[in-house]
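In the two complexes below, chain A is the common chain; its partner is chain B in one and chain C in the other.
Showing the complex of A and B:
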């Protein structure tokens, strides 16, 4: 639907470098990356608010690089909502329709429908300053949806909301994507939001797109060490392949051998990515297991966080496991407890050094 | 005034002058308000669009222009008075307008005095509308003109606050109106020049009465400013 073809642009000291990506109709596309990476600039470039210095932007195959924002069929919602404080909620929602010349009567009907749909009809005559964060966010979303955009652009829409409101808003967004078939592009630095909402995603670091693809692929099989680190893979280990038997490789990590599935040849430097919830702990001798990587270790620390606990284990290399708090209590895990740690070879994602 | 404290007696007489609506006090007050309100109106007509133009258009030297405007906030009133005097006098290019020593000349002087302030405050008021809001307006489909109009509408209370400050500066200044108006009784005498003259003549009661009115106007502007800024 919309494609960036080697787009570069500079804004002051920041630059977006050679970005190529494709967003298809109906995608819920996430742009993730650390603060200052250029996520919002990329979103604004889709909206036409920054003109590329090099490269092309295509919409349905037609070049729109120089097309002004008002002709792109997009709507943008920033994390601070950017509502008009001197307009009522109804006037805010109506704004896009008004500037597009929609007849007053028709616009009024549209607005009434949207206010009801987003559950804010009782707030129609209120001013934004009197609303909660969640209510303001709904107004901003209703205002954006009112113009029936081809692409809805959201800049960290959940970051200013409390956890309970976040959950409700995630449900709203899921419904909007599912029921309206809307193409949504969302900037975020939350892996959890990406897990819940994204169908495709791009990772941008220092103005460069470092990974792009299906959301589950990027989240579970990152293409580089820096992406793995950014998306929050808890165990990232550098090692060297010592043997490979038809794709079943043995990798030496600081004297410990891990078995993993990869085509990397013996002698090749690789990075192993292991999710903490793929690390299983057992007390006593748990060595007879189908997991190809089973090793003895000692608990280094236990950090409880709500219903789960993060347990660090030293087994020659330090690995992090995530358990339920109940499991931690059942196994009586405290620093110093000897444990057996196991990871299935299939749970290890291998990043080859040239990828 | 002879027997007691001249300040206390002056104050009592001043209140009497105000309460009894002394014709001289009323005339000076009305003239002051007329001149400064008219000057603020004309200055707004010129400065607000120019301020908006500076804010909305990117050009080389934009920062220097804004800095110059800010410097001109503190432009000495006597300098403006002198320049306007020279331009409006018989030897100046606009002498033929015969505005020197007339309320019209005083309006011109005050207009020129507060234009930089109003322009600068307009730029500041519009700059108060954040970038995200501007982008949101554009992305919602507003044309350039609609974007400009929406931003001005959004900043209207800050712009109004700037206009009120401009009026406050105009009515409180003495240098330009003294030089350009000449402080002629019944013609160009305004609150500030009348206070200066009557104080030098030891006519404290009239000075204090006019001073109280000037303070009242300043207080009124301040209250209006607070109400506007609360929006």
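Showing the complex of A and C:
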């Protein structure tokens, strides 16, 4: 639907470098990256608010690089809501229809429907300054949807909301994507949001697109160490392949040997990515198991967080496991407790150094 | 223990005097920084108040003379002319200065922008006579702009347009700089959202940016108008006639003496104070939503 073909642009000291990506109709596309990586600039470039210095932007195969924002069929919702403070909620929602010359009566009906749909009809005559964050966000979304955009652009829409409002808003977005069939591009730095909403995603770091593809692929099988680190994989270990038997490799990590599935040849430098969820802890021997990586270790720390706990174990290399608090209690895990740690070879994602 | 006694007991305890208790109270609870700031600020306001009280005392001692002078057609005509010319200058500033202020507010820093900003500020730093001379040389009958304009019937020397153009020149930085500040306070995100919702650049400006800057436009206009009607040296260079109020006071001072010129001055003070007070009151109710941006 919309494609970036080697797009580069500079804004002061910041620059987007050679970005190529494709967003298809119906995608819920996530752009993730650390703060200052250029996510919002990329979003604004899709909206036509920045003109690239090099490269092309294509919409349905036609070049729109120089097309102004008002002609692109996109709607943008900023993190700060950006509601027009001089207009009531109803006027805000109606704005796009008004400037597009939609007949007053028709626009009024359309706005009434949207206000009801987003549960903000009781706020119609209020000014944005008097609304809560969640209410403002709903108004901003209703205003964007009112113009029936081809692509809805969302700039970290959840970051300023409290957890309860976040959940409600996520449900709203899921409904919007599912029922309206909208193509949505969302900027975020939350892996959880990407898990819940994204169908495809791109990772951008320092103005460069470092990974792009299906959301589950990027989240579970990152292409580089920096992507793995950014998307929050808890255990990232650098090592060297010592042997490979038909794709079943042995990797030396600081003297410890891990078994993992990869085509990397012996001698090749690799990075192992292990989710904390995939690390199993047992007290006692526990060595007879189908898990290919079983090793003895000692608990270094236990950090409880709600119903779960993050347990760090030193087994020559330090690994993090996520357990339920009940498990921690049942196993009586405290710093210093000797444990046996196991990880299935299939749970290890191997990043090869040249990838 | 002593603090409790201070805050609850209104009567001095044995051996204490009210003076010592107040000293202690002041020492503990007074923010001396704010007190000194107030004293220094009051000194500044005091000079203005003293000057007004001085002239008022003299003038109100002879109200018959004051009323006689204030009611003359020269004074009334001159006040109307001054205020009218100032208003015309401000209208022209709104028309031409607003786009300039917007461009300055939204353009990225560059050497060119710095040069334009300096040019906008030139009337602020020039002596008023120099500003008047610049206007005269450009708009006199043989001037670069004055010559072609007088050919089409628009004369500036000793004419109303000359007064307006001189006022416009000296007042322009006040309007442009205030307006630019107002535009800078409107978040660019609002404009970006309006654009993606289908508004072109001008529609965005008209429906979002300008309404949110109305308060600054109003303040800039009032400041510029105040500066314009107070101008003397800049105006007399190109338009000694018709008499604006400053010229009339000067003329009266040099021909009739201090008595009459002082009465005219006091009349102008009263009228100006009344008008500016009203204008400031009106600002309170304009663009309230602007505070929420």
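As a working rule, the second predicted complex is superposed on the first by the 355 of 355 C-alpha atoms of A that agree within 3 Å, B and C clash if a C-alpha of one lies under 4 Å from a C-alpha of the other, contacts with A are read in each partner's own complex, and residues count from 1 in each chain.
Heads up, the rule we're going with is that contacts are C-beta pairs under 8 Å (C-beta built on N, C-alpha and C of every residue); 3 or more make two chains touch, one makes a residue touch a chain.
Note that the structure is a prediction, hence the values are computed from the model and not measured.
S.K.: When the two structures are laid over each other on chain A, do chain B and chain C clash or fit?
M.R.: Chain B and chain C clash in the superposed model.
S.K.: In the overlay, answer first, second, both or neither for which of chain B and chain C A:80 touches.
M.R.: In the superposed model, A:80 contacts both chain B and chain C.
S.K.: For A:198, decide between first (touching chain B), second (touching chain C), both and neither.
M.R.: It touches nothing on chain B or chain C.
S.K.: In the superposed model, does chain B or chain C contact more residues of chain A?
M.R.: Comparing chain B with chain C, the partner touching more chain A residues is C.
S.K.: With both complexes overlaid on chain A, does A:281 touch chain B (first), chain C (second), both or neither?
M.R.: neither
S.K.: Going by the contact rule set out at the top, does A:153 touch chain B (first), chain C (second), both, or neither?
M.R.: Once the two structures are laid over each other on A, A:153 reaches both partners.
S.K.: Quick check on the superposed pair: does A:128 touch chain B, chain C, both, or neither? Answer first, second, both or neither.
M.R.: Second partner only, chain C.
S.K.: Which holds for A:19: it touches chain B only (first), chain C only (second), both, or neither?
M.R.: In the superposition, A:19 touches no partner, neither chain B nor chain C.
S.K.: Of the partners chain B and chain C, which touch A:241 in the superposed model: first, second, both, neither?
M.R.: So A:241 meets neither chain B nor chain C here.
S.K.: Could you pull out which residues of chain A sit against chain B in one structure and against chain C in the other?
M.R.: Correct list for chain A: 44, 47-49, 69-70, 74-78, 80, 82, 84-86, 95-96, 99-100, 143-144, 147, 153.
S.K.: In the complex of these two chains, what residues of chain A are touching chain B?
M.R.: Spelled out, the residues of chain A in touch with chain B are 44, 47-49, 69-70, 74-78, 80, 82, 84-86, 95-96, 99-100, 143-144, 147, 153.
S.K.: Which part of chain B faces chain A closely enough to touch in the complex?
M.R.: 130, 132-133, 135-143, 146, 150, 153-154, 156-157, 231
S.K.: Could you please specify the touching residues of chain A with respect to chain C in the complex?
M.R.: Checking each residue of chain A against chain C gives 12, 44, 47-49, 68-70, 72, 74-78, 80, 82, 84-86, 95-96, 99-100, 127-129, 143-144, 147, 149, 153.
S.K.: Which residues of chain C touch chain A once you look at their complex with the stated criterion?
M.R.: Going through chain C, the ones touching chain A are 108, 187, 189-190, 192-200, 203, 207-208, 211-212, 287, 289-290, 292-293.
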